[in-house]
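Chain lettering (A, B, C and D) follows the sequence in which the chains are written, and residue indices restart at 1 in each chain.
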Amino acid sequence: MKPQQLTRIWPQHETVLLLFIIAEVTYFSLFGRRFCTVDNFTNIVRHSLEIGLLALVMTPIILTAGIDLSVGSTLGLCAVLFGKLWRDAGLDPWLAQICTIGIGGLCGACNALLIAQMKLPPLIVTLATFSLFRGLAEAITQGVDAFTDFPESFLFLGSGQLGQLPIQAWILSAAAIGVWLLVHRTTFGRCFRAIGFSPEGALYAGLPVRRQLALVYVLAGLVAGLASLTYTARFGTAKADAGTGYELFAITAVVLGGTRIFGGVGSVHGTLLGVATLAILNNGLSRLPNLMNIASELSGIVTGVLLLLALTASALPHWLKANQK
Amino acid sequence: MLAVFAPNFFEPQPLLSRLASAAPKLVLACGVALVIIIRQIDISIGSLFAVCGTTAGLAAAADWPWPLALLISVGVGILGGAINGLLVAQLRLPSIVITLATMVILREGVRLKQQGVFINLPEGSQWFGLPMVLGQLTLCTLAVGLLLIMTLLLKHFSAGRFIYAVGSDEEAARLAGIRPRLVTFLVFITMGALTGIAALLNLVQSPQVDPNSGRGLELEAIAAVVVGGVAVSGGRGRLWGVFLGFLLLICTSPALTYLGVKPYWEKVIQGAVILLAVVADGLRTKKAK
Amino acid sequence: MNLSQSIPGQIPLLQLSAVTKSFGSVSALKGVSFDLQPGEIHALIGGNGAGKSTLIKIVAGAHSPDSGSIKIHGHRVTQLTPSAARNLGIACIYQQPSLFPDLTVAENIALRLEKIRLFARVHWTNRRLKAVQLLKLIGADISPDTEVRDLSMPQQQLVEIACALGSKARIILMDEPTASLTHKEQERLFALVRTLRNDGVGIIYISHRLEEIFAIADRVTVLRDGESTGTTPVTETNPSALIKRMVGREVSTLFPPAESQLGPMVLSLRGLGCTAGGVKNITLDLRAGEIVGLTGLVGAGRTELARVLFGITPADTGEISLNGQWVVITSPQDAIALGIAYLPEDRRRQGVILEMPLSHNITLASHQRLFPRNWLRHTTEQTLAEKFIEDLAVKTSGAVALGNSLSGGNQQKVSLARWLATKPKLLILDEPTQGIDIGAKNEIHKIIRRLAKEGLAVLMISSDLPEVLGMSDRIAVLRGGTLAAILPRQCTAHQVMSASLGLKEEGVGA
Amino acid sequence: KPSEVALTAAVDTATNKKITLAFMPKSKGNAYFVSCRQGADAAAKELGIELIFDGPTQPDPAKQNEIIENWITLGVDVIAVACESKDGISTALRKARSKGVKIVTYDSDANPDARDFFVNQATPEGIGYALMDEAARLCNNSGEFAIITASLTAQNMIEWQKHIEARRLAKYPDMKNVALRPCDDLKDKAQAEATILLSAYPNLKLLMNICSPAVPGAAEAVKQAGKSGKVKVIGLGLPNENKRYVKDGTTDTVILWKTVDLGYLTVQAATALAKGQLKSGATHFEGGHLGKFKIVGDNILLGEPFKFTKDNIDQFDF
């Protein structure tokens, strides 16, 4: 087949992912132990909320050709400060929650200031704040302090059900719709892509480049703040190590979902599919009878291989075209 | 300032030990500098470091001759680098994602194989069989030697200039007759080889191999490189800057111990140091404009 | 057909036969044959997207042809890569400067001249000396130690020229080398090119400025839609014949007549300056319906003035008044809100976003106007884009095509469309017809005239002297960041040149 | 609720379905838990039950929770877990219990109401006291010492530090804890940290390492500084990793329990619990080939922490 034809019939990235998810689910339903149950799918949703949220807000960031390594640390810092506000400052839980999201926003604003205003490279800025925010969380609690015994009303955010679905499903859907509309239906999304393709081009087109960049990082901070609440509520404890390593999971999901790391190209539904692929994979592998004992390691390896395959597959038509002559 | 507050900081023997234990990081930082100059990134080096160390350790523990074990370490490194390089250069895939994938694969691979169990090396394998001080000196010399060779290569040999050229503009490099893919591939191979050498420099410092070693090393190396003034946008940066960045970062944490600062503040201070360095660099270049 | 015209008994330096090349579904070249003799300047002309750049990229090894054969010095070459081409003595000035922004000028030149070997010592002093010598040769006032990122477009073009001239190549390919150069540099280049020709070097020269072709070329080949319409000695043809072959119809080379009425004052600048941009004390007025040409030498600060007005490097001294109100412009958003549009000079980096569809590109600057409350409306966008594509005769497969699938001239039209979509009151054009073919150029000139007639104030920066003389109601000449003169419509080329060189003060006060 | 629990247990024994036991370490790729697994596997084989061994790859309490919740839906009968975070895991464990899954904790405990039994190899208090007593004995009750820990947030190590400090205040006021350094559970980093500590605190008399990779790391540092014998090294670690240092006298004492036995006993107890053979209120438990173990409250006691020294370390291989 000619590469040109191949390019034409080569399916959309999202379609491939969807097919892959279907294949995954089928395989695990057949061979996994008690995979296809309501309880299990509820679990999958509950466990992917925080990473899902972070991946959602990572999408616009990567669309602008940026990256945010600090979201996991922001989550940790927010979790700890939420505990502080509620337990030590004696704030009303609701107020404390709002403040926590605000603190997340502040962390994001800190990144935004350095990236958008001072024009420093996002990779380094967030590498530094990755260390800084986690360090603050540790310093505030001296590593030791853990906050527990949250009120039932708050814990609802982690274990409650609304209708037939876990609360996480609602939050994730709401966030997904919000971010989807932002990225795909508003001029903001258009600006993110323009900036991702060419920051200079965007500037000369009169787009508010700095404001838009600031927006995506602040948004990431705010959502990391929200994720810290759901994380704390689900888990019942807030500690300085909350959300360690989540940034990498989120980035993995976004990239697996077809968003180009160099910016410009990508979709929010792709990200959601990426999150789903990984979550199902993770869960399903631990249900395959012969592999249960190595499920954790295996899911890392399979994720890596999947990432490589996804990228290779998307590059293949180009590669063939380029090498045919 | 350190000398005043912490007179012991510069005591020769511990200093030498400290430098020896930081030597692998310097070697890695050199490699990462090349990778970043060519506008790529490699976050798999920490895992590759563990893989190299573990395989070499297993070989040595199986009573293979030492030089062979050392060769294996470098060989495995080159292999790892070649895989990354092939995917990045030939298929033109984004290196951050490729190396993210190889990072998990390699890390989980070692975990599966070794389950965290230390490998005991045969007696007399330490310090290349030299006395300790001599061994440590050799290590430091090797690391600094590599740094000098790399500096020379980058500044005074065409290969080095090609790295800058490709990092600066890949298409322009292609049009100028440089083969960007080949150069990128070679840079990743070099990175792999340096990772193998670093693992080896680490290996000889103790009679046991920790298969978990190298966790987080990629971030340390990247931090040293960017604090040293290498631009992540490619094409710019010098190795002596990297060396300074490296010195700054390897001194921060010990300095805190010497000054008796509580460890809870360590990450904050490290983050702040990186931030200050980039902000200062940003301001300087802005002023220069 | 070509071969019949080659000089008998002499092996052509370069011979292409039936070369085809397509990008996706676009056929850029459809079986083109072409030859280049030693000591010949062979002009290659054609409309935008005719395939000129593609042709020379094939010769330079940057693209590989789909079919057809290439003979160099009489030998057939297959696998032509950029380095193979270099080794065969081919040097190329690409349409788009392809330099290394992070490296110094000297090193950029060296990387183009030195043999590509992976392990060779670098001789820094030699590199520098060579660079100094070449820059002097072409009369460029550029320090070899500056980084290329700090050079303006025309300066980069000069460095490209230095690379090509220094390469001792037998075949030199020049893709619009003068596109952003002014008259002075152009003359110098021509002198050098003639010397090379006398030394037996073969030169392929691409330009959209027909007068240049007639000034230096020996033969001319016209491409149209990827096909050669034949090669003729320059002496046996004339501009209108060439244009007809290029565009397929008659195009007037005359500038459209001025017919607009001057309206109220739109823009007045009083002592405007910006230290960062090197612009000082500019005092200038612009009325609705007026086209003011802004010219000067390379680096005179024309682009900088535009950037100040557009808020990219905001002014720090002086005042701007727009429609009779004093305004402060600190960002492009301010400028757009005030009805200022700026068509930038570097279209690939600033003018269009290459990887975005045309429709997105066209609406990018008018989000505020088109999409109230920030909601995208795809039909609005699509209709608008299609309207502009039709109005400006953009050659494309549709509004969803990506910017990089277009030829340079068509990209320029898209860039212009983007600014027209903002419904501006003041339009600043920076080299609006740079790299644009005769047909399109004429259309763009007509569009500019029409806009002026509709009451727009136009500030047109251009290095193309005939264009400036033909289009402007008044001509402002910049020199060293200050206003050297403001000349009336009837002035001569000589007056403009001497004002920009600072030979005589003959300006009419502002 | 309890009746329901009893019912499921009864059904399990009645139908004689193969019992599934899920066994979770704090993290995988950790030699300590690998040796626990040895014992666990042996017991599972003896008892003919199915053993699932899985856990997070890094000590991550949230991930532990997720795995437990997954195990609940997987339908395991009994879960044995070493908890990274006491409060964090308890939510998930309570949920498991409410679904009829039996819970045994080992190595480090959850909140008492979240599990049925704790296989107690040593209380945090016991460990803390043993370490401090040993340190004081080696230093003749006075002098400076420093602690190397895994991470600043690891909960059991925080507990131990609390008890070490309490013991010091109570019994050894002349001992001085001068520094605490994290080593990220990496031997190489522990070695580097120890080198720095030795030079920054020249009067240091002892390094106390409360995570297992730190013990050989610190020992190597002391050896390289030529301070073997002058600066003592003690800690919690595995015999195999420390043999050479204990034998050459750099490391004085390695304190640990027999981890293989811990795994074995845990599986034995968990299985008995699932079969309904072990009920709360029991005072003794027959732990397979290891014999009888005492139960105090709901703690099954493995016995005192074991001190590996020059004299006995060669007898162990894990």
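Assume a residue touches a chain if its C-beta (ideal position, glycine included) is under 8 Å from a C-beta of that chain, and two chains touch if they have at least 3 such contacts.
Values in this document were obtained by computation on a predicted structure and should not be read as measured data.
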>> Hopping along touching chains only, can you work out the least number of steps from chain A to chain C?
In response: 1
> Distance-wise, how many Å sit between the C-alpha centres of chain B and chain D, to the nearest whole number?
Replying inline: 34
> In whole angstrom, how far does the Cα centroid of chain B sit from the Cα centroid of chain C?
Replying inline: 45
> Where the centres are mean C-alpha positions, what is the separation of chain C from chain D, in Å?
Replying inline: 73
> Using the average of all C-alpha atoms in each chain as its centre, how far is it in Å between chain A and chain B?
Replying inline: 29
>> Counting only residues that touch at least two other chains, what does the list for chain B look like?
In response: 108, 111, 231, 262, 264
> Mind pulling the chain C residues that touch 2 or more other chains?
Replying inline: none
> Could you say which residues in chain A touch two or more other chains, in rising order?
Replying inline: 138, 142-143, 294, 296-297, 300
> What is the complete set of touching chain pairs?
Replying inline: A-B, A-C, A-D, B-C, B-D
> Which positions of chain C touch chain B when the two form their complex?
Replying inline: 60, 62, 81-83, 85-86, 92, 94, 98-103, 107, 111-112, 114, 116-122, 276
>> Which stretch or stretches of chain B touch chain A in the complex?
In response: 41, 87, 90-94, 96-98, 100-105, 107-109, 111-112, 219, 222-223, 226, 231-233, 262, 264-272, 274-275, 278-279, 282-283
> Within the complex, which stretch of chain A touches chain B?
Replying inline: 67, 114, 118-121, 123-125, 127-136, 138-139, 142-143, 248, 251-252, 255, 260-262, 294, 296-298, 300-301, 303-305, 307-308, 311-312, 315, 318-319
>> Residue numbers of chain A touching chain C in their complex, please.
In response: 4, 185-191, 193-194, 197-198, 200-208, 264-265, 325
>> Residue numbers of chain C touching chain A in their complex, please.
In response: 24-25, 64, 66, 312, 331-333, 335-336, 342, 344, 349-356, 360, 364-365, 367, 371, 374-376, 418, 422
